[in-house]
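Take a look at these structures.
You will see chain A twice below: alongside chain B first, and alongside chain C after that.
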Partner chain A sequence: MSAATVTLVPSAPGRGVWWAQTWAMSKRSILAIARQPALVMPSLIFPLFFAALGTSSFGKATVLPGFPRVNSFLDFSLAGSVVQGVLFGSVTGGTALATDIELGFFDRLLATPTSRVSILLGRLAGAAAFGAFQALFFTLVLIPFGVTIEAGLVGVLVITLSGALTGMGIGGFTAAMALKTGSSEAVQGSFPLLFIALFFSSAFFPRQTMQGVYRHVANVNPMSYLVEGVRGLTIDGLTLGHVAGALLVPAAIGVVSIGLSLRALSGRLAAR
Partner chain B sequence: MTSTPIISEGLVRHFGSGDKLVKAVDGVDLAVAEGEIFGFLGPNGAGKSTTVRMLTTLLRPTAGRATVAGFDVATQANDVRRSIGVALQDAAIDPLMTGRELLDLQAVLYGIAPSAVKARGDELLERVGLTGAADRRVGTYSGGMRRRLDLALSLIHQPTVLFLDEPTTGLDPMSRITLWEEVRRLNREGTTVLLTTQYLEEADQLADRVAIIDHGHIVSQGTPAELKAGVGAPTLLVRVDVERNDAARDVLARFGELRPTAEGTLGVGLEGGPSQVTAVVRALDEIGAHVHHLELNEPSLDDVFAEATGHRLEGAESAASGEAGGEAGRGDGSAPAAPAGRGRRRSRR
Partner chain C sequence: MSTPGTHVLAHAEQAPGGTVVRSARGIARRSLRSIVRLPSAFFPALLMPIFQAIAFSGTFFAITKIPGFPTDRSINWFLPLAASMGAGFSGIGIGFATIRDLESGFFDRLRMAPAPRTSLLLGPLFAAWIRGLLVLASVLIVGFAFGARLEGGPMGLVTLTAGGLGIATMGTGWGLGLAYRFRDMRAAALMQLTLFNALFLTNAQAPLSVMSGWLHAVARVNPFTNVLRLARQGFLGDVTWQDSWGGLLAIVVLSVLALLFALSGLRRLADD
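Then we have the complex of A and B:
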């Protein structure tokens, strides 16, 4: 153990340092996703599997009264696949945060003078990046199988951005749960709840074809509006309403979930 | 830089409440001088890590106050964090990142200018002997390599005060000695070090001064030489036939104060010194006790610990390791293992 000495030039505390810290934490989150293919592959494969299964099983449902005009059931499925994949991915991000807490890495971060909010935002930025990747991945993979994006290239970009916002929005909930419980098992346990929420939405069938309680639940389920924003771009085309739906709904969910996660962070820090 | 970079006065940390109240730290006073290596010695659950977590701003004190590098840990936490390096128990390091990536991340978190990050990382990697493994993921590192990387991470911003929480627990002897050498070197360069340990030898070898903590209280404090001198007489350890134990104990009591020992062994502080060994053996022979083992030890820190607490540290760590799991919890208010109401100290006979 020997070395020369480097004289350090500390940056002055300020907004630049805050951004650098947040970006560094984001990079770490993204690296963790890229380096755990076994953990993230299910979130890429299962939605495609459900899309294929739905198309082969319910292809003729497109002629039902109330079903929107689509070229194929696959056009209809894309939005559900995107949201489903992002749900999977968001649980992974929340689990990683809980694991940091369990293993003590979170304490290592807290022992530094870095902004506490940067630690959280870095994690959420990782979820957003993965959400964007997933949205683009599903779109590009399904296009060769016949999916058409009526909103064109701009629509693909908006869908990608919507994936990012959805990743951050749902990631906010799983991050809040991680910070509240400090348990990776608890975060993983939230997946069935998220999946049930998705199931009782218009992810797999249009609300117009539903009846009874199922329809009532889907009508008030934010997941329905999350899916329908993206679906409008896919099957209807580029309109201001569809763009707003694809971006504002996940953004609104994000405002709520990030608020909850900041509160959970504050609670965890206060409990020390 | 203050001449007493670590001061605590009546530091208290409780977990839980009511029947579940745990007094993890119950009035710790410390004053660590600049340039010192200060050893914090005690068994698992004694309050070492909880104290360190309060001094490093990871836990808020329930009562009392502490300053580190001249800053109050409760009201000037960020100033404390900028001044100290911390290597916590278990070397919690992200196994998916490489050593170099972790050093880069740590540098950014401390606000080090980007132009200096790479050179500082290279310097530290060389210093801890990890240059060759810098681009490997930490998940492939051995325990010793992780500890060395942990040390490098804690030094990234050239702290003036370094906290090492059980830095060598679980390491093989060679890795332990390597780490000791690095701690000594850092200290020679001017870094004040507070290290917690449950290893007597580590405290004896490394520390300029030692505080012995048990059940949340400091029970003894001083240089290792002072503490050992305070115990006085050397300890004679004797093992005889089990059925003659009580009689042998009475015999030994004639030669000095009985001392706590491991199960099955009797111990006495020989007030007359080593010259009395022959007389002890003769007296045991007279009562028909067959001596299986006889050992005369100069006072050690374990004797100091036993004198102060009524029980021995040596051998206790292995018994207690099963309940270790981090005495301080994870900062979520969870309580450590020790129950409330344990006495301030065991009886000093």
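Then we have the complex of A and C:
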């Protein structure tokens, strides 16, 4: 019997056990991230690299018509970096779940008296915790380079919470894919889709400067509104609209994705 | 026992004269067959540059309005970057395939075949060139459909091909050298990251005259800036010797160095 299954043995009946199980699963998925930093390092380094590249390459674009008033391109790019990093990091959680399925650990969990939902929620809680860490990490790293958060400390907290909700929301999609396919390769294959969703939004450039079909796609892409919420907190200040964009959009994405992952979970359980 | 790959080499050895080229052709043919047999390994390398050309052109459309930008069509700026990068990653893909052969033990059988060692470098190089040409052609077709224009006439295709195949050669040498040294998938991340950084720390996203800060200083001395200038010039205006010689020189020097790196790795592999 492994250490992980020992922690799943209920010590008290009822709701307390359910929480204990979910907490144990969450702890396991968070520790898995901490123990394999090489897996998540790219999702921390690449967004910073792109922010640095963008600031040098597109610094002069901030005076173009349609560009929001910013102190520097770095202020503009913080939101894109946060969402980009959290999106890429979310693939890691889904891949880990698929790996559990491939290696048979998922079946071992099912053989224990663990709540099935706890297995999924634990994984999503791990994604949320890592999303919050990423959002805070990007903000704190970029502040010394000149980024100003106009919404202040409350803004930083909202951005961190937004990172958690985005991690959970996108993690729900990758978890659904993991449960549906049981293949880590298939989950990794979702990476280009996330990349496309990110690029056809206002993550890297304002919608107002885009034209034609790109602008139409960015206008209907929820990622645009999520990024603009976080960006508004950075460059405008604390407003209800920006807070709503930063929190409600990822929450709505989460409702859909968690619904899909629960459905995929029950499909997998029914197929056993 | 003979497998398709070793059979080709054995057959080549029996043929009088031109053994190196014949063996290399056999290895190249095997590598190209894997496009059909393992499409999941090649198609991302084909689709990513197409996506990059389209997404970058749409997202960063507004940068063409920055005073001093050399074209008013963003696709003209980003298409050569995407095509050259795609060709370069075709070379890196050959490195991935070599790792698979090393891990499965097939490469040992190739080494035991009565074929010249140089064919183990030339074969993958030929394959990388053909894969690179496929990528270049695909990106060009899609790019023209999205409004790209050859401002410098057909010579622009020649310089783009020279730039693309040059980067493919460097990518192959670098990829093979790392594969022979690491002999497992740890090399894959290093191959991708280094080529990615080498290409992005240039005038990849914006011309030197538009850049500011640290990237300008790095891009000015990065030889890949010259290669991109060579590849791009036909899409920005007339093809000139002034915009060509630096790129051609960089291709020759870096290709020789990369192939020597691969050759020394192959020798080290033989010594172990």
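Assume the second predicted complex is superposed on the first by the 260 of 272 C-alpha atoms of A that agree within 3 Å, B and C clash if a C-alpha of one lies under 4 Å from a C-alpha of the other, contacts with A are read in each partner's own complex, and residues count from 1 in each chain.
Operating definition for what follows: a residue touches a chain if its C-beta (ideal position, glycine included) is under 8 Å from a C-beta of that chain, and two chains touch if they have at least 3 such contacts.
Since we're looking at a predicted model, the values are computed, not measured.
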item	value
Touching partner for A:L53 - first (chain B), second (chain C), both, neither	second
Touching partner for A:A271 - first (chain B), second (chain C), both, neither	first
Chain A residues touched - chain C or chain B, whichever exceeds	B
Partner chain in contact with A:L110 - chain B first, chain C second, else both or neither	first
First (chain B), second (chain C), both or neither touched by A:L64	second
Touching residues on chain B, where the partner in the complex is chain A	56-60, 78, 81-82, 86, 88-90, 92-94, 96-97, 101, 104-106, 108-116, 119-120, 123-124, 126-129, 137, 153, 157-158, 178, 181-182, 185, 326, 330-333
Residues of chain A that touch chain B when the two form their complex	1-11, 13, 17, 20-21, 24-25, 28, 31-32, 35-36, 100-114, 182, 268, 271-272
Partner chain C, residues of chain A touching it in the complex	49, 52-61, 64, 66-67, 192, 195-196, 199-200, 204-205, 209-214
Residue ranges of chain C touching chain A (in the complex, touch as defined)	44, 47-48, 51, 55-56, 58-63, 65-66, 197, 200-201, 204-206, 210-216
